[in-house]
Structure formats: C-alpha cells, structure tokens
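Below are structures written as structure tokens.
Paired with chain B in one complex and with chain C in the other, chain A is shared by the two complexes that follow.
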Partner chain A sequence: MTLLDGLLLLSLITAVAMAWLGARAWAGWLGAGLYAGQLALLAGLPMPASSAVSFAVLGHTLHWQMGALGWFFALILVAAALLATWYAAGAWRRTYPRRRLLHVTVALNVLAMLILLASGDLLSLFVGWELATWSGYLILTQAGGPAERASLRYLVYTLAGGMAVFAGVVLVDVQVGSLQLADLRAAVPELSAGSLWLLVLLFTAGFGIKMAFVPFHLWQAEAYAETPGPVTAFVSAISARMGLFAMAVVLIQLIGPQHLTALQVPFTFLDAQGLLAWIAAITAIVPTFIALTQSDARMLLAWHGIGQGGYMLLGLMAGSALGAAGGLMHVFNHATYQAGLFLAVAAVIYRTGTSDLDRLGGLISRMPLSFITMLIGIIGLAGLPPTNGFVSKWMIYKALLNGEQPLLFIAAVIATLGTILSVYKLIHNTFLGQLRVEHHAVQEVPWSMRLPMLITALVVMVTGVTPGLVLDAVAPALEAIGLAAPAYHLGGLTTGNGNLDMVWVGGALTFGLAVGLAVFLLGSPSQRTHQWDNYAGGHFLSADIRFHYSHDFYPGLMRALAPAYRGSVRWLEAGLVTLVELAASAFQGLYRAAPLPAYLVVGVVLLLWWIQAS
Partner chain B sequence: MMTVAVQMLLMPLVAFLVGLVLVLFMRRLRARIERRVGPPLLQPVYDIVKLYGKRSQISHGPMHEISIMMVVGGVIAVVLFLPVPGMQGLAAHGDLITLVYLLMVPSLGLALGVGQCANPNGSIGISRALTAMVGYDIPLMLVVAGVAIAYGTTSLPQILAMQGGTWGVFQMPLLALAMLIATYGMLAKEPFEIYTAPAEIATGPMVEMGGKFMGALFVMQCFQIYTAGALFTVLFLGGGASWPGFLLKVFAVAAIPLTLTNLFPRYRAERVLHWMWKWPTGIALLGLALIMLR
Partner chain C sequence: MSPALLLAVPVLGAFVLPSLHRASPFASRVAGPLILVVQVALVAALWQQAVVHGPLVIELGGLPAPMGIAWQADQLGLLWCGALALLALVLWPREGHDPNRAATLTLLLVGAGSGLALSADLFNLFVLYELTALASFGLVVSQGTGAQAAATLRFLLLGATGSALALLGIALIYAATGTLNLAQLAQVTPGAMSDPLVLTAFALLLAGLGVKAELFPLNTWVPEVYGAASPRVAGLLAGAVSKLALLVVLRLLTTIFADTGAAMVLLGVAAVTVLAGELAAYRAQDLRRMLAYSSIGQLGLMALAFSVSNPTGIAAGLALGLHHLLVKPALFVMIADWPRRRPQTRGLAAGAPWSAAAFVLLALSLVGVPPLPGFWAKLVLLQALLGTGGGPYAAAAALVLVITVVEAGYLIPLARQLYSGEPAVRVRARIGRGVPLILALLLAVVLIGPVAQRLDQVASSVPGPATALPRLSASEPGQP
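Let's look at the complex of A and B:
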C-alpha cells in the first residue's frame, strides 16, 4: 500500500466514520481532525505518488497516480473541507438538523474529488469525473426545498457533460487505441484536425459545464447558493474547479498549446486557444454583471464564483507560462477569499437569519471580525493590492499584454470593474450603513466560527504579500502539465518588462497607512456619534426611520446598460428560447408519445443495416 | 542616488506640495472667470490646518477613521511608484498595472468610510462614484493596453527610457487624447462631478465628513491632481530630466481639465457612462487599432 492509497483510505474512513457517528455532537470535530490527518498525509506525499491499486476493464488498465497538478488542487480541496467542517463543528451545528448528511456528503465529495485528482489515465479520469458529479449532486441537494430543484438542474447539466466526456473518451479509444495519457500525447500530432477539434469540443463542453462557462452558466449560482452554511464555502472554493483541473490535463498536458493554436476556427481569425480564451473572457464578464444585480448575498457570491472561473481559463489560454501560472494560482487565491466570504455570509445568516441584502445593514458595530473577514475577502475578489487576488490577476493581465491581446485584457478589466461595484454593494448592504432596530442585540459569532473565517482572511493577506509561497506549489504543477514555470521569488515575479514585488507594494501601502495614521492623530481628537445624529436635511432621525440606501444600488449603471437589452438582443433571446423549446418537445415526443411499434421498426431497420454493413 | 527610504519621504512630500499649488491654481482660475480676486497664496494650507485643528471632529465609527487613513495611505503608495526626475522610488518593484490598481485603493477606502457613516446621501454618492469609475476606467485601461503594447513593457522607467527620442504623445496622439479625457473623468470635475452633486445629494460622500476627515479628502485631492498630471507626463511626455521641465509638463496637463471644468454644468450618471463609453473609449480603440496595425 502506498502513501496515496493511505490518503484515499483515510478519506474513505472519514466518510464511513461520518456515516456512523455523524449525528453526534462532536462529529464535526472528529471530521475536522480526520481532514487535518488527510492534509498531513497530503503534505508528505511524494511527487508523483502512485497507487498500488490497478485493474483492467475491457482491455484498458485503470490506475491512479497523483501528480503535482492534482496535488495542488487536492491541497485546496482538503483545506477547504477542513475549514468548512471546523466551522460547522461548533455552535453552528445547532442551527442545522441534518448534520450526519452534511458531514457524509462533504466527506464523500472529498473522496470522489481525490480519486479524480489522482486519476492516471483517461478511463480513471472519467470514473473520477462521474463520482465527483454524483457526490456533487448529494451535497447540493441535501438542504431540500429550492436546493432540490437547483441541484436537479445541476444533474441534468453535468450528466450531459459526462456524456460529452465519455464520447471524448470513446473517440480517443477509437482513434488512438489506448486510453493511457502518454499514448494519447504521443498520438496527438498524427490526429487529423477534424478529430482533434471534436476532442477539444467534447472535452471542453463536458468539463466546462462543471465550471459553468457561458453558455452553460445558468445552473451553478442557484445550486451553490442554496447549500447549507459553511458547505457553500466548500463547494464554491473547489467543486467547480475540478472542471479546470480536467481541462488543464486534457487541453494543456495531452493536446498541448501548440496543437490548440494550430486549430483554426473556419472563417475567423481565431484558433481553438483564442476561442477558449474568448469563452473565458465572456464568462468573466456576463456572470459578474449578473452578480451585480443580485439582492441575496449568497447568490451574488455564487455568480462571482462563475465569473472568477473565467479568469482561470483565461489565464490558462493566454498562451504563455506567465498566464497559465496566473490561471492556476487564481484557483488557490479564489478558493481562499471565496471561502472567507461565504463563511462571513454564513456568520451573518447565523446571527440574523437572512442573507437578503435589502434586509441587513450596519452590522460592523456588532460583528467586527466577520466584517474584517468580508473586507479582506472583497478586496481579494475585486483583485486590488495587497491581496492575493491581485497577484494572480496581475499575472493574467501581464500575460495578455505580453501576448498583444488588448481586447481580452479589456474584457478582463471590465469584469474586474463589475466585481468592484458588486462587492462594494455586498459589504455596504451587509455591514455598513444603518443598523436596523431588530439587529441591535446581535453579537459576533462564537470562536469556533470566527477562527476558520479569520484563517482564510489571514491566508488572503499573507499569500498576497508573499505570493512566492503559492507559486512554490504552482510551479511544479505547471511543469507536470508540460509548461515552463515563470521566474518568481517570494515577493512576486520578475519579467524583463515590468516587475511585481508584493513585499514592496504591501510595504508601500503599510507606509502610507502609517503616515495616514500619524496625520490622523495629528488632528484634534474625534468624538464618536450615534447614527441617529446624522445629517437628514433638517429632520430628526429616530429608530423607526429607514435611513439606509440599499435597494437598486447602481441605478445609473443600470439605466446605461438597460437600453442594450432590446431589439436584436431580445429577438435573439426569444429565438434561442423557441429553439430549445422545439428541441425539448421533439425529444419529449420521442420518449413520451411515440408508439412502441415505431421504435421496433426503427430498431429493426437499424439492426438490418448494421448486419448488412458488417 | 538617494536611498529608497529618503525617496519614500521626499516623493509624497513633493507630490503634496505640487498638489497644493495645483489646487490654488484651480481656485484662482475659477475666481478670475467669475471676476473675483480669489484666495491668497497659502489658502490651501490654511484650509488644511483649519480642518485638522477644528474642535468638533465627528467620527461615525472605526471604519470611518480607518478609511481616512486608507485614503491618505493609498495616494501616498501611488506616488511612490511614479518615477520623477532623480527619483525612481519603488518603480522597480511595481509596474503600470500595479499603479493603476493602486489608484483604486483610496477610492475603495473612501467608499468604505462613507458606508459606515450611514447616510444615504453618502451611499448614493459612492454608488455614483463607482458608476463613473466604470465609465472612465475602460478608456483608461485601453490606453494602458495600448501604451504597454506600443512600448513593449509595463515598467515605468523603461517606458521613460523608450521616449528618449520621441515623446509618446507624438507616437500615439489618439491614446494621449483618450487618456486626457479619462483623467478628466477620474478627477470628477464638471461635467463629471456626478458624485458630489451638492444641489442633489448634499455633496454625496462628503455629507458626514467634517474636520480632519474633510481635511484628509482635501489632501487626497491634492495628490490626485498631481498624480493625474504626472502619470500622463510619464506615459506620453517623456517624464522630465529636470524638475522645472517636469513640473511645467505636470502643470500643463493638469491645467486642461481644471480649466475646462469651468465651462460645464453636470451630467446625469448614465450620461457620463454613455459619453465615456462613446468618445474616449472610441478614440482609445482607434488609437489601439493603430498600435496593433503597426
């Protein structure tokens, strides 16, 4: 038994233990301890780590091996599970009755994703993919109610994606005659452009559905937002990123960037890599602006999760080591601040019972630590210095500019601007502004919930100032998929034409803050006033007067954007809807209304044709 | 060559002093147009001293206070990355992209502080300020992209070195024009002053700001006007070999929006967006196309 087997076994033991003991009061602590054990095993894993288990199916050997790329994702996975379980272990558990289900689903997800991340060939990749898909359904549907509907939609999407992946696997089997990664990599130069295109499209669609790339972006936000409490942080941090892992394996490691750029899209200037980059850019923009219009904190964050996925693919498809490093690093960075943000929102829900952005406000004075977590989280999500979100975005921007792709760069910038607007609305409507009367007695959440939150915030800041720590894990992951790692150091990157040293950037901001503090203290001492002592145009404020601006936060922007939604856009949308309805009723006609004899006739004809053909 | 520590003290100081003079210039010019005499030479200094020394200093909570430090800290961090004659500052450790993103830190700080003030006038002001940012940042970033591709670098010292022969403004006049307009929007002077809008939302973000809080915003304005002029000078006017030449360029650039602002009333928020997305963005796209076709 190898160490990798030990890790998977411990993960299985975690799932079994949670199924057995999950309802106990201390189950969460036990789970957190087991995840910590998994994390320790993961840290000691040799690279690449092979499993002793392997078996043959239909002449194909399935085996498992975790490389540096899988390890990078696994690190995020287990750490996210640890923090989410820790958060759920303490006082939070009393708010959620189905604790056993919650712990089991998280443990099963960790197990399934570890199996996926350790896949050693295309068949085991597919098996891992399906396992992750189904365990994902369990975790998303557990809360019942609206979650059930949303997760059913998830299931339809991802099953379709699974079919596409399977078709891709079959295509590889037919064309190459083997499902081993090395064989496919060797055979790619001989494949015709047509079959290579088909492979790219099948795998991208299949894996891209999990990442919710446009036009498959509709399922994810609702499905993720409806999961209970800290589990939202877990699924948002890592679940969808399995799609990116699989895409990195297939598109970069197996097919290779040089073959992607050789595939031209007919009648355009784009190649396959450019096409994917544009899909990524549109995925960064559209869901971000949808997020901007949300009035529920969890929906807002879940939509941003989709948009940030676009950045990751954009980095991978930027066509350089710098961009790919930025894309992969963004997986880690996004996981840290997104988990922190969802945990902070879960804290708000725990204390106030709602995440409705129109029914909150002013909580900073009651929940300062949750506020700090969310503050650092939104600075990371918006990608401003000195957080880690800025570093990975800087790398992606820089790669796009070095690659002379200004339009993709602007697309990424537009998404960032939308993000800044949206996250300010999030923190303003939740923690700033007027405190509502019913929230006057609200207190900060207990320490069992504070610590996991604050750890994520700390990681966002520390890896923001010293991104070299994360790049230490990203560099071998890049080499594992056949890309060179860019030159980096603890503080950032040194390129020939523009450097980034976050130690200095963070230092400059700290210095500026110190000067700001000194200047502030230089002035006369200030007095705190109550929020009812505000300027109100000559009126007196009292508890019953709502003095909080929250609903429809950006009317100017909406008035500017709304006219775009008319004419040809409306017409195109209506056309698409009609087309989908037509296809749906046609298929329904097939399996619902068509009489059995019709199938028999078709079946017999096909059978005869096949016999004659063979 | 001065040590970095000395430069970290000198660069913000110079920026602040130049900013003070620019603010004085802005006020004097408006006074002349309105046939007034205008404030005396040291009026901006008196204003700041008065605001910091006032006895009534109303704070609305910890974030309000921290945000004021973030505002000052952010603008100081920005000028540290902007090379000036004889001083590179930290320009070797952060590039043009870093600088443009650092520019957003004081805005975010202000936004957070205003949020804590719990006054809807302030929040509406921030909503409008961020909306305006979506307007002017798109052409600004197009210019950044064009400049980075034309010079083949995002490092500011390298960009300055590339302009040894010809200034950037002659190589890419369209991008320079777009940058000038975007900068105008960034300074939020009429017709783009949608977020202060005194007659509508009681000066927006400033509505709950008094004393040293207002003073810090005054300081921020000094830095912002300087930064706007200096950034344009570095990107398009070849920086400066000596201080007089550099300051002359900064003044000439900053004077354009500060002068034109006297001609206009205020736009509505969505009109700013339409205008920004139409004119400077269009000009920048055209300039970018010229760069890409070279």
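Let's look at the complex of A and C:
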C-alpha cells in the first residue's frame, strides 16, 4: 500500500465514520480531525504518487497516480473540507437537523474528487468524473425543498456533460486503441483535424458544464446557493474546479497548446485556443453582470463563482506561462476568498436568519469580525491589492497584454468592473448603513465559526503579500502538464516587461493607510456620528426615521443595462425541455393507438408489392 | 448429452406436474424447482462441452441437414438457456392465485424458450416461438383479472398477426432457397435471393419476432401487459423471454442475413425503439408502466448492439441483456408493494428503507453510473457503435448518450422523491425475490473483469456465415 492508497483509504474511513457517527454532537470535530489527517498525508505525498491498486477490465487497465496538478487541487479540496467541517462542528450544527447527511456528503465528495484527481488514465478519469458528479448531486440535493429542483437541474446538465466526455473517451479508445495518457499524447499528431476538433469540443463541453461556462451557466448559482451553510463554501471553493482540472489534463497535458492553436475555426481568425479564451471571457462577463442583479447574498456570490471560473480558463488559454500560472493560481485564490465570503454570509444567516440583501444592513457594529472577513473577501474577489485575487488577475491581464490580445483584456476589465459594483452592493447591503430594528440584539458568531472564517481571510492577505507561497505549488503543477513556469520569487514575479512585488505593494499600501490614519487622527477635529444618523442628499430625515438604501441598487445602471438581460439562454433551455416533453407525449400517445395489426397487414401488402415491382 | 434434453426435461415436467399435483401437492411443489435445478445442471454440462469441443450440432431423427430438425448447442444459446432457467427459479411461483398452473406454464416457458435459443433451423424456431408465446399468454392471465384478460387479448392479436407475418417470411425464404436450416441458408442465400426479397423476408421475420422482442412499433402491448400481469410474470417476460426473441434475431442476422442491408434495418428499428421507450417512460405516471417503457428502451439498446453484429457488438448486446435481466425483474418484484402512482411514492424510504435503497442502486445501474455493471455494458455498446464507424452508427451512439440523460431524468427524480418528506401512509415494502438478483448485480461489480472476458469469448464463438456449417454429419459424440 502506497501513501496515496493511504490517503484514499483515510478518505474512505472518514466517509464511513461520518455515516456511522455523523449524528453525534462531536461528529464535526471528528470529521475536522480526519480531514486534518488527510491534509497531513497529502503534504507528505511524493510527486508523482502512484497507487498500488489497479484493475484490468475490457482490455484496459485502470490505475491511479496523483501528479503535481492533482496535488494542487487536492490541497484546496481537503483544506476547504476541513474549514467547512470545522465551521459546522461548533454552535452552527444546532441550526441544521440533518447533520449526519451533511458530513457524509462532504466526506463522499472529498473521496470522489480525490479519486478523480488521482486518475492515471482516461478511463479512471471518466470513472472519477462520474463519481464526483453523482456525489455532487448528493451534496447539492441534501437540503430538500428548492435544492431538490436545483440539484436535479445540476444533474441533468452535468450528466449531459458526462455523456459528452464518455463519447470522447470511447472515441479516443476507438481511434488510438488505448486509454493510457502517454499513448494518447503520442497519437495526437497523427489524428486528423476533424477528429481532433471533435475531441476538443466533446471534452470542453463535458468538462465545461461543470464549470458552468456560457451557455451552460444556468444551473450552478441556484444549486450552490441552496446548500446548507458552510457546505456552500466547500462546493464553491472546489467542486466546479474539477472541470478546470480535467480540462487542463486533456486539453493541455494530452492534446497540447500547439495542437489547439493549429485547429482553425472555419471562416474566422480564431483557433481552438482563441475560441476557448473567448468562451472564458464571455463566462467572466455574463454571470458577473447577472450577479449584479441578485438580491440574495448567496446567489450573488454563487454567480460570481461562475464568472471567476471564466478568469481561470482565460488565464489557461492565454497562451503563455504567465497566463497559465495566473489561471491555476486563481483557483487557489478564488477558493480562499470565496470560502471566506460564504462563511461570512453563513455567519449572517446564523445570526439573522436571512441572506436577503433587502432585509439586512448595518451589521458592522454587531458583527465586526464577519465584516472584516467579508471586506477582505470582496477585495480579493474584485481583484484589488494587497489580496491574492489581485496577483492572479494581474498575471492574467499581463499575459493577455503580452500575448497581444487587447480585446480579451478589455473583456476581462469589463467583468472586473461588474465585480466591483456588485461586491460593493453585497457589503453595503449587509454590513453598512443603518442597522435594522430587529437586528439590535445580534451578536458576533461564536469562536468555532469565527476562526475558520478568519483563517480564510488571513490566507487571502498572506498569500496576497507573498504570492510565492502559492506559486511554489503552481509551478510544479504547470510542469506536470508540460507548461513552463514563470520566474517568480516570494513577493511576486519577474516578467520581461514588468515586475510585481507584492511585498512592496503591500508595504506601500500599509504606509499610505498609516499616513491617512495619522492625518485623520492628528488633523482637523472630527465629529463622531451615530450609526443611525441619516444623510439623504439634502432631504431632511431625523434619526428616528429608518433609512437604509438597499432595494433596487444601481437603478440607473440597471435601466441602462436592461435590454441586455434578455434571458435568451433561459428560453433555449425551456424550449429544449418542452421539446422533450412534446416528443415524450407523442410517443406515449402512440402506445395508446389500438389498431396496430391492421397497420401491419397494410405494411406487408406494401412490402410484397415492392418486391413484385423491383 | 443431447441439447434436446434442455427442451425435453422442462416440457415433460410441465406435462407431469398437474397430475403430480393431484397425487401429492407437496411433491409437485418440490418437483418444479427441482426440474429447473436439473435444467441448470444440464446447461452447465453442455456449456463445458461447448467450450471444449465447440458448438454441438445435432439432427434430431438422424436425418442430415435439409431434412432433419437441427439443434445447435453453442455458448450463446446455452448462456440464455441458463439465464432463463435461473431467472425462472428466482421468480418461481409459490403463492398467489393457482400457483400450480403458473408453475406448469413457467416450466413450459423454460422448455420452449431453451429450445428457441438452441434451434438451428427456421421451422423449429417458428414452432418454439409460438410455444413460448402461448406459455407467456397463459402466464399473463394466470391471476384471472379482467385487466389481465384484456391485455392478453391485445397481446394475442398482435402476436398472432406477427406470427402470420413471420410465417410468410419463412415461406419466402423457403420458396427461394428450398431449405430451412440456418447453416445451409447462410451459404445458399447470397446467391439465391435478390436484395429486395432478402430485406422483405427479414422485415417479415422481424415483424414476427419483434412482438416478443419489444421492438418498435410492435411493442404496444408492453405497457398494458406488464402493468396488468403479476410483477413476477412481468419480470420473467421483460427479463428473459424478450431477450430470447432478440437472440433469434441475432442468429438470423449472423447467418442468413449477414452482409445484407438487414443490419441497417435492425439499427433503424432499434433506434426508434430506444427513443420511443425511454421518452414514453419519461412521461409515465404509473410505476409499472414506467418500468415497462424502460424495458422497451433497454431492449432497443440491446438490438442496437446486435445490429453491429461483430463480436464487440454481440458482447455489448449480451452484457446489456444480462444486466437488464438482473435489474428489471428485481425492480418489478420490488415495486409490487409500492403505490402504483408516481407522486404517491414521496417519502417511501421512511417505511421501506431497504426497498428504496435497492431502487436507487438499480436505477443508478440502469443509467450507467460507474462502477456498476450498467456502465460497463454501455461502454462496450459505445465501443461497438463508434468502432464500426459510419454515419448511422455514430448517430446511434449519440442517441444512446442523449437517451441516458433522459433515463436519468425520470429515474433519479423518482429515487430522490423516495427520500423527501414524510409519506401520508407508511408503506412497508420488501425486496423479496429481488435479493438474489441484486446480489448477483453487486457480485458482477467485483467480477467485472472475468465476466467481460467470458462474454467476449461467447461473442467471438458465435458462428458467422462462413463457419456456420461446422459438422453436418450425424456422428456426434454423445448423440442419442
């Protein structure tokens, strides 16, 4: 038994232990401990780590091997599970009755994704993919109610994606005669452009549906937002990224960027890589602007999760080491701030019972630590220094500019603009402005929930100032899929035409803030106003009139953008469903038709006449 | 040992059983299953012989090929004989309305079905097909309800029309070639029959066999009969009998109709069958009818695989067939205690946790979730379809993938619903007869490698047109 087997076994033990003991009061702590054990095993894993287990079936050998790329994703996976379980272990557990199910589904998801991340050939990749899909269904559907419908939509989408992958795998088998990664890599140059296109499209669509790329973006936000509390943080941090992992393996490691750029899209200037980059850019824009219209904190963040996935693929498809490093690094960075944001929202729900942005406000005075977590989180999400989100986005922008892709760069900037607007709406409507009367008695959440939250915020800041820590894991991952790693150091990167040193950026920011603070404290006398004092643009409002502007945020912008929200993909989806329903009722009607023998006789007479004639 | 024993033993048993019942009810209760156990042992012995010596061809009555009644005990036929006997054993009628009559008919069905699987000439095939049909008509009405009688009448009308058409097809072939022996036909047909004639004959035979094989558009009886018959009988018909008819289609396709357009005809029919079955199941509100429609879809998949008719395709068809043989009867007997309407199953898991869990397992295997056997069966099917190349086969592969999503679209919400909310009435449901089938399915998960290897071996041992005439002389070892 190798160390990788040990890791998978411990993951299995976690799932079994949660199924057995998950209802106990201390189950969450046990789970967190087991995830910590998995994290320790993961840290000690040699690269690449092979499994001693293999199966021979139908002339193929399934085996498992975790490379640096899988390790990078696995690190995020297990850490996210650890923090989410920790968060759920303490006081939070009393708010959720089906704790055992929650712990089991998280553990099963970790197991399934570890199996996927450790896949050593295309068949085991597909098996792992399906396992992750189905365990994902379990985790998304557990809350019942609206989650039941949303998770079914998830299942139909991802299963359709899975079938596209299935077709791709079988096509590889038929054309290459083997499903081993090395054999496919060797055979790619001999494949015709047509079959290579087919493979690229099948795999991209299949894996991309998990990432909810446009036009497959409709399922994700609702399905993720309807999961219970900290589980939302877990799924948003890692689940969808399995699509990116699989895409990196198949499109970059196996097919290779040089073959992607050789595939021309007919009648355009685009090649396959450019096409994917544009899909990524559109995915960065469209869901972000949908997020802007949301009035529920979890839905807003979940829509952003889709948009940020677009950045990751955009980086990967920017065609340079810098871009690919930025894309992969964004997976880690996004996981950290997104988990922090969802944990902060879960804290708000824990205390107020709602995440409706129209029914919150002013919580900063009651929940300052949750506010700080959310503040750091949204700075990361918006991609501003000194957080880690800035570093990865800087790398992606830089790669686009260096790669002479100004249009893609502009698209990325537009998406960032939407992000900044909507995260401001999020933090304003939740924490700023006036406190509502019913929230006067609200307190900060207990320490069992504060700590995981603050840890994510700390990671966002620390890896923001010293991105070299993350790049230490990204660089071998890039090399594992055959890409070069950019030159980096602890504080940032050195590129041919520009350097980034976050230690300096962070230092300058801190210095600037310190100067500002000093001026504020030592300068002109300031007046302290109460949180309930109103300012209403010249209108006179006394302090006893509650005034918190949250409903219908950005009305002017929304009016200007209104024609863009046509919901054409929604129409397409509804049309497809109606088509299946219609066809189904047509066939069902056929089974009620009675006089079949008569038709048969007529058919036979026609057949005999045909023989006679020919 | 003669393969004819596989026909003779159960049929004789069926004749003896009613009188035995009058003499000693206990003895007749024991005798039925015992006969099936003997049958399984016979199959095992013949299987050994077939593996070592190759297919065994026997001419009953000692006359050579064109005249005698030929039997062919190859691995393919024996596999289904064994599966049929084992399934009948699992679903053996012990309780209910007049179990003795049902037992007699089941034995008759096993005998006729085994004979059908082993026949090597068209005449036998036709006679035994009719016998199988008669036994299954009897089984469907065995509880004597009005709905059963009405369903059977429609089944009978359709079956009779189909049989007449099949007979016409056989007559066409006989008129053109002067023989009914499959092996001989395989060699004679290409010269003796023109293309339209061959296709017409195939279409007519397909019209006859398609009734039992649940092929479109001859499967209109399926939802009604499976909805009305006892779950046990529905399981037996959907699980084994329908596949025997499809097996005969395969036999025709690999011998007489090899290298003709017949494969394309079957491909088209199968594709529409898959589409019709699964889409109708998507809308079905009655659970039994839903399973019936789903069975149509699965049979369609099997027919798709057989239409490839190379060893990979045959292996895929066998894998799909055996998988369905385990899953569908288990589902039919399992939901016997459930409420029949879909919405009423909400929260059923609270009262029937094992039954609900088994449903989830079986549904996942039907959809084809790895590592359950249904996944491997679909994998081989896709390998067969995409490996053959050509537009129609690629389109069929795409259809299989799309229809899998539809399949999940009606099975998974149902499975989910079992676990949501508290039911109005707590239903107690047992898995009952489904247990051995589910255990076999789980065993197949572990043994998938060897099972796949064995199926490959069976598929490549299927005699093609060139090898279909192995030993026409009457000198067989162990011949009576």
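Simple rule for what comes next: the second predicted complex is superposed on the first by the 545 of 614 C-alpha atoms of A that agree within 3 Å, B and C clash if a C-alpha of one lies under 4 Å from a C-alpha of the other, contacts with A are read in each partner's own complex, and residues count from 1 in each chain.
Throughout what follows, contacts are C-beta pairs under 8 Å (C-beta built on N, C-alpha and C of every residue); 3 or more make two chains touch, one makes a residue touch a chain.
Note that the coordinates shown come from a computational prediction; the quantities given were computed from them, not determined experimentally.
Of the two partner chains placed by superposition, only chain C is touched by A:F587; chain B is not. Of the two partner chains, neither chain B nor chain C is touched by A:L244. Contact with neither chain B nor chain C is seen for A:V345 once the two complexes are overlaid on the shared chain.
In the superposition on chain A, A:A212 makes contact with neither chain B nor chain C.
In the superposed three-chain model, the partner touching more residues of chain A is B, compared with the other of chain B and chain C. Legend: residue contacts after superposition of the two complexes on their common chain; A:L140 is shown touching neither chain B nor chain C. Looking at the shared chain after the overlay, A:V604 reaches chain C, while chain B stays out of its contact range. In the superposition on chain A, contact is made by A:E148 with chain C only, not with chain B.
Judged by the touch definition given at the top, the superposed model places A:G556 against chain B, while chain C stays out of reach. The contact sets of chain A with chain B and with chain C never meet. Within the complex formed with chain A, the residues of chain C that make contact are 154, 157-158, 160-162, 165, 168, 194, 196-197, 200, 203-204, 207, 217-220, 222-223, 275-276, 279-280, 282-284, 293, 364, 367, 369-371, 375-376, 378-380, 382-383, 386-387, 397-398, 401-402, 404-406, 408-409, 412-413, 416, 420-421, 448-449, 452. Those residues of chain A that touch chain C in the shared complex are 55-58, 126-127, 130-131, 134, 137, 141, 144, 148, 152, 155-156, 159-160, 163-164, 166-167, 170-171, 173-174, 580-581, 583-588, 590-591, 593-594, 596-597, 599-601, 603-604, 607-608, 610-611, 614.
Against chain B, the residues of chain A that register as touching in their complex are 361-362, 364-365, 368, 371, 375, 379, 382-385, 390, 394, 397-398, 401, 404, 406, 409-410, 413-414, 417-418, 420-421, 424, 427-428, 431-435, 491, 496-501, 503-505, 508-517, 519-520, 522-529, 531, 533-537, 547-549, 553-557, 559-560.
Per the touch definition, chain B reaches chain A in the complex via residues 8, 12, 51-63, 65, 68-77, 80-81, 90, 92-98, 101-102, 104-105, 108, 111-112, 115-121, 123-124, 126-128, 130-131, 133-134, 137-138, 141-142, 145-146, 148-149, 152-155, 158, 194, 202, 207-208, 211-213, 215-216, 219, 268-270, 272-274, 277, 288, 292.
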